[in-house]
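You will see two complexes here that share chain A, one where it goes with chain B and one where it goes with chain C.
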Partner chain A sequence: MRRLAVVLTLLLAAATSRADLGEPTLELGQGDRLLVTNLPAIFDDKEIAEHLTSGLTTTLVLTVKTSLSGATKLEGGARITIRFELWDEVFNVTAFGSMGPLQSTVLESKEQLTAWWRSLRLPVMAVPDGEGIRGRAEITLDVLPFSRSEELDTERWFSESVLRAEEGRRSGVSHPTEGKESLAEVLDILIATSIRRRSLTSYSWTSPWPEGSTP
Partner chain B sequence: MKFREPILVLLLMVVGATTLFTFFHRQLAGASLAFGTQPEVLQALSASLEDQRQLARLDPAGETTYRQRFDELETTLHRLQILEQSREELTRRYELLLLGLTGLSVLLVAGGYVLLQARQQARLNRVDTAITALAEGRTDLKVGIQGRDTAGRIAAMIERTSKAMALDRQRLAALRNLSAWQEASRRQAHEMRTPLTGLQLELDRLDELLIQLGANRNVRDRLDSARQELARLADFTTGFAGFARLPEPKKRDHDLVALVAEFIDTYREAWPEVDLRYPSSEPISAQVDRDLIRQVLVNLCDNAAQAGAQSITVETTKDTSNVVVEVADDGGGVDATVATRLFEPYATTRDLGQGMGLGLAISKKVLLDHGGDIELVATSSAGTIFRLTLPRTSDTQKEATS
Partner chain C sequence: MSWATVSLLGLLAATPVGAVEPTPAIAAGSSASFFIETIVVDEATRFSPDLILAESRLVEGQEYSERELRDALFRIVRLPLILDAEFSLRRGTQRGRFQLVIQVDEARRWFFGMEGSATRWSRPVTLSGTSTEDVVQGFSMLAGRRFSVGRYGVFFAAAGGQDGSLNLGYSHNNLLGRRILLQISGAYSRCGQAQVSLPLGDEGDQACRAEIFDLGLDPTLSAWEAGEGTARARLTLGVPLKGNQSIRFAGSFLDTEGGFRRAVYQEDPAQLDFLRDRTDWELTASWMLDSRDDPLFTSEGQRWEAGLQVRSLEAEVERWDFENFTSFKTDHASLEVGARLAGSKYWSLGRKDAIWGRLDAFLGRTDFSGVLTEDDRILEGQADVWRGGAAFGYGRFLHRVRTDEKWQELRWESEIEALYSTTSPSFDLPENPLAGFRVSSGLTWRSSWGVFGLELIYQDLGGD
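Presenting the complex of A and B:
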């Protein structure tokens, strides 16, 4: 019973902590674009804060889903990449909305990054014309620890490292294999391809559909 | 019970494979990853990055070089960080692959084992069938199993045993047949000898009476003719008696090569028109009755010479257990009408009065009494080959004799 109580307390504390961050807001922008604004200050999260300055490209994927009446389902999203330049110690940030790249900028501190993040108005989808219906939307934010290109680069490097090691064992000389694929190499590739981006952490909120929108 | 052994073996294989899997997993799985993603390694790389930056500040002239090194170190650091992030998934994939390969290996080995067992079972079934056939008395069995394993060796033994049984049966049948003929000959000789003796005495008395009465020459010539026919009949009766009373062989250890050589040297004088040869070879011993074997050789060479042979070759060789004497001639060959019953008494193509056809029957009896045999190997218009087989004296027998 005591253990259950501890677990419940921890879960409650986590939920409270998430709730303290605040909730994003949905707005209807120009050209019937659904915007996500007032993004919560997630960079104070210890796990994210430590990762942000690792030098890897942190990718934030924002997804908005809604199930309105009439079985109409709407889904949209945006993406933000943040890369801390270890040499210059600045943040290179780029935001991609539903229409493509929005803005790309260089920020010199974490405070500037937080301010930029909070001020973002991310277009996530074009709202179609139709009957005005009220409802709630589900907003999800996934924090991915590295980019797709970094993932591919590491996969390639890992495979080549293993192959170089095997070649070295066979011939005593270390050089990459060219064109030969043995069972061992296939297995190494299978292992290497298990390098996959998985969320460092995820947030989800529900937000009321903005007034006056006509999905 | 039938599946108990395979199941036990499979269970052992699975246990073995699992142990190997656990061992290699503990020893190797993730070890290289753990090494690459050690916190110390990552910290050292981070410190190196900072060093490059500091160096660039202190030595602005070399900034390009320091920046280049910095970028290289940064790339490595990032790769290791990503590996660290994916470590759990990498290890899981590695485990899955290892487990899959282990399972596949076990399946392959199990499949191979089951196939081998099935093959072995099929072989044992054939051996079982062959043993049953052998027990039922069937001869000349062909089991049809090759190989040096137990089943193969047993199959070879069954085939050898069935061959030996077939040979023994043939010999026994031949001996029985010859014994029957001997008994018939003995009775005929006995029945004929008494009246022949009486008839000869009567003819002698008649000759004396004709002399006393002064009979003319013509009458006495006819009487002489009758006496000659009677003598020929007596010779036949003696032949019958000789065949009926063939002696038991008095076997002693003899060198067959020397025996053949001695016989041929003697026989050359009796048949000077025949070219007799014997290829020389190492001495080969056998337990034989010297006189009886000589009689056999005389019979064969007489037959060859009478069949018009110009050349006779007697070659003595040996195999694993026998002495083999082959008598080859270039005569006219054996007539096809008697070839199948060549060793039966009275099997002859000669004209009446030219021989009784007992020679080869006597030879057969002599060889069988020695535990050997005689057979017609080949015959054609180009010649004939007879093969005599006699059991060799083993080293043990030689030592016992000496």
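Presenting the complex of A and C:
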């Protein structure tokens, strides 16, 4: 019972901690651009804080997806790169919106970085006219450390995919067998226990579609 | 994830939109270079730090761009037994100089597995033992250990599995310096030695592993139970191509001292054939495309495989008439050659849920002789073989923690699949063509220690 109480307390604390960050807001800007504003302060998160001060680039990818009634599926995004200059102790930051580079600046402290981040108005997509858009949109923020890129994704599954090529057959499509090969099972487990963890921090929110976007 | 989309967005022609004035500062992520004065490897307890340093190909006292550092990180992450690695910089002895800290996360040496299943057949079946059953249970446990050998090699040894085998293997991830993957493995089992029986199981089920071959190898729909001593060997060679593509060559060989062969659907479960000197082997050469985000718990991506396949099954089969105490023998030999296309595609439905579809098709020709049917006919000749399947599945993460401290995942997966198999001519066999379906649902737990799964299956192979 005591253990359950501790677990519940920890879960509540974690949930409260995430909720305390606040939620981003969607706004409609000039030229029918959808803007993400009021970005939550995330730089105190332990994993992000570690990457931010590594001296190497940390990338934040913001994605907005709609599943709105009366509209086709829309998707857009923005990207922010941050690198801490160890000798000058400043943050070099660049923001890319849906139309390309948005701004580059140098910030002298983490507090300034947080204030800059909170003040960002990031254009993420052009809103199509002629459709009545209502409902909510999903906003996702992925924090990608220096080590992550598509190249890594391309290469890291090579050996796993080659060794697990028997998957379809063993699962019964063409081998309706009771027994599975124990040798393949060993390889499965060998592979499964050496899969790289994705030490990527993600946040996800849903936000109401801004008023005024309905014609 | 729309990472690629967002990357493309960033590369689009610049049209400043924001209200804040751009500054002339150096953009983060641009081609910054760092003079690396010293390099430190942290948290390497099972690997030699020198090995990691050598694989990074970084040298102290040199200047490296962020791109070059990233490439070095990829080389380290590709090392066997390394789960993950991170780079960070510290100030050096003077301005503009840095110390590079390489922090590695190593895989565990020990790995474990457990798999349990209960299959409810639409008709009573005889796969092994001396009784027909509606429900067939399967259970296996496995424990193994891996060892680093050289820069790119991993040797592993494991005991357990469904027939209590000893497994040994070696993989090399950079053959000829061209990132070619070589995997050699072998197993030897004496069934009954390390058999694990469930409390619910019958005493009569203390049998060796049974396998139902495709109709191209045995058109009679029979279960082949391995003999007391079984040796297996497998060799896989993977050659990476551009992007997510590769060429795979694989060969496997099995030799067993004896065993039994039984019609899966039969009235008299005591009727069986005795096998001697059974060998079966398989060779495949295939092109593969794999963009899945995870080879075990897939949520996104696709996998396609197209290639040629040759399989052979040979054994001396002896059938006894226990009423008259007479017997006769045949030499079963079948050789199947054909082309196979298999593909699967996965769609993510949010953070926890995913659905997938799977297709599998094989078209080939078989040449066999000495195939004994249940009514004592001996089949010989050639036949065209066609088999295919289609499946649809759903998966949901019930628990998922992936942090530096902990890595645990629990996924529930369910799948329904339809399958069809036939030969032409069909030789007037009641189970040819074979048309049925399979419904499965199970839970799988994965952590850095191993994979543990339980599955319930309903299997219908058609027929009366």
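We take it that the second predicted complex is superposed on the first by the 146 of 215 C-alpha atoms of A that agree within 3 Å, B and C clash if a C-alpha of one lies under 4 Å from a C-alpha of the other, contacts with A are read in each partner's own complex, and residues count from 1 in each chain.
The working rule: a contact is a pair of C-beta atoms (placed from the backbone, for glycine too) under 8 Å apart; a residue touches a chain by one contact, two chains touch by 3 or more.
No experiment lies behind these values; they were computed from the predicted model shown.
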Review point. So, A:G97: does it touch chain B (first), chain C (second), both, or neither?
Key: second
Review point. Which holds for A:A41: it touches chain B only (first), chain C only (second), both, or neither?
Key: neither
Check your understanding: Given the touch rule stated above, what does A:W87 touch, chain B (first), chain C (second), both, or neither?
Key -> both
Exercise for review: Report for A:A126: first if it touches chain B alone, second if chain C alone, otherwise both or neither.
Suggested key: neither
Review point. Which partner does A:L56 reach: the first (chain B), the second (chain C), both, or neither?
Key: both
Review point. Does chain B (first) or chain C (second) touch A:A78, or do both, or does neither?
Key: second
Review point. With both structures placed on chain A, which of the two partners, chain B or chain C, ends up touching more residues of chain A?
Key: C
Exercise for review: Would you please give the residues of chain A that touch chain B in one complex and also touch chain C in the other complex?
Suggested key: 54-56, 86-87, 145-146, 150-151, 153-154, 157-158, 187, 190-191, 194-196, 198
**Study point:** Sites on chain A touched by chain C in the complex
**Key:** 29, 33, 47, 50, 53-57, 59, 61-63, 65, 75-79, 81-83, 86-87, 91-106, 119-121, 123, 140, 142, 144-147, 149-165, 167-169, 171-183, 185-199, 202, 204
Study note, to complete from the structure: Seen from chain B, its contact residues with chain A in the complex are 49, 53, 67, 70, 74-75, 77-79, 81-83, 85-86, 89-90, 92-94, 97, 101
Study note, to complete from the structure: chain A residues touching chain B in their complex are 54-56, 86-87, 145-146, 150-151, 153-154, 157-158, 187, 190-191, 194-196, 198
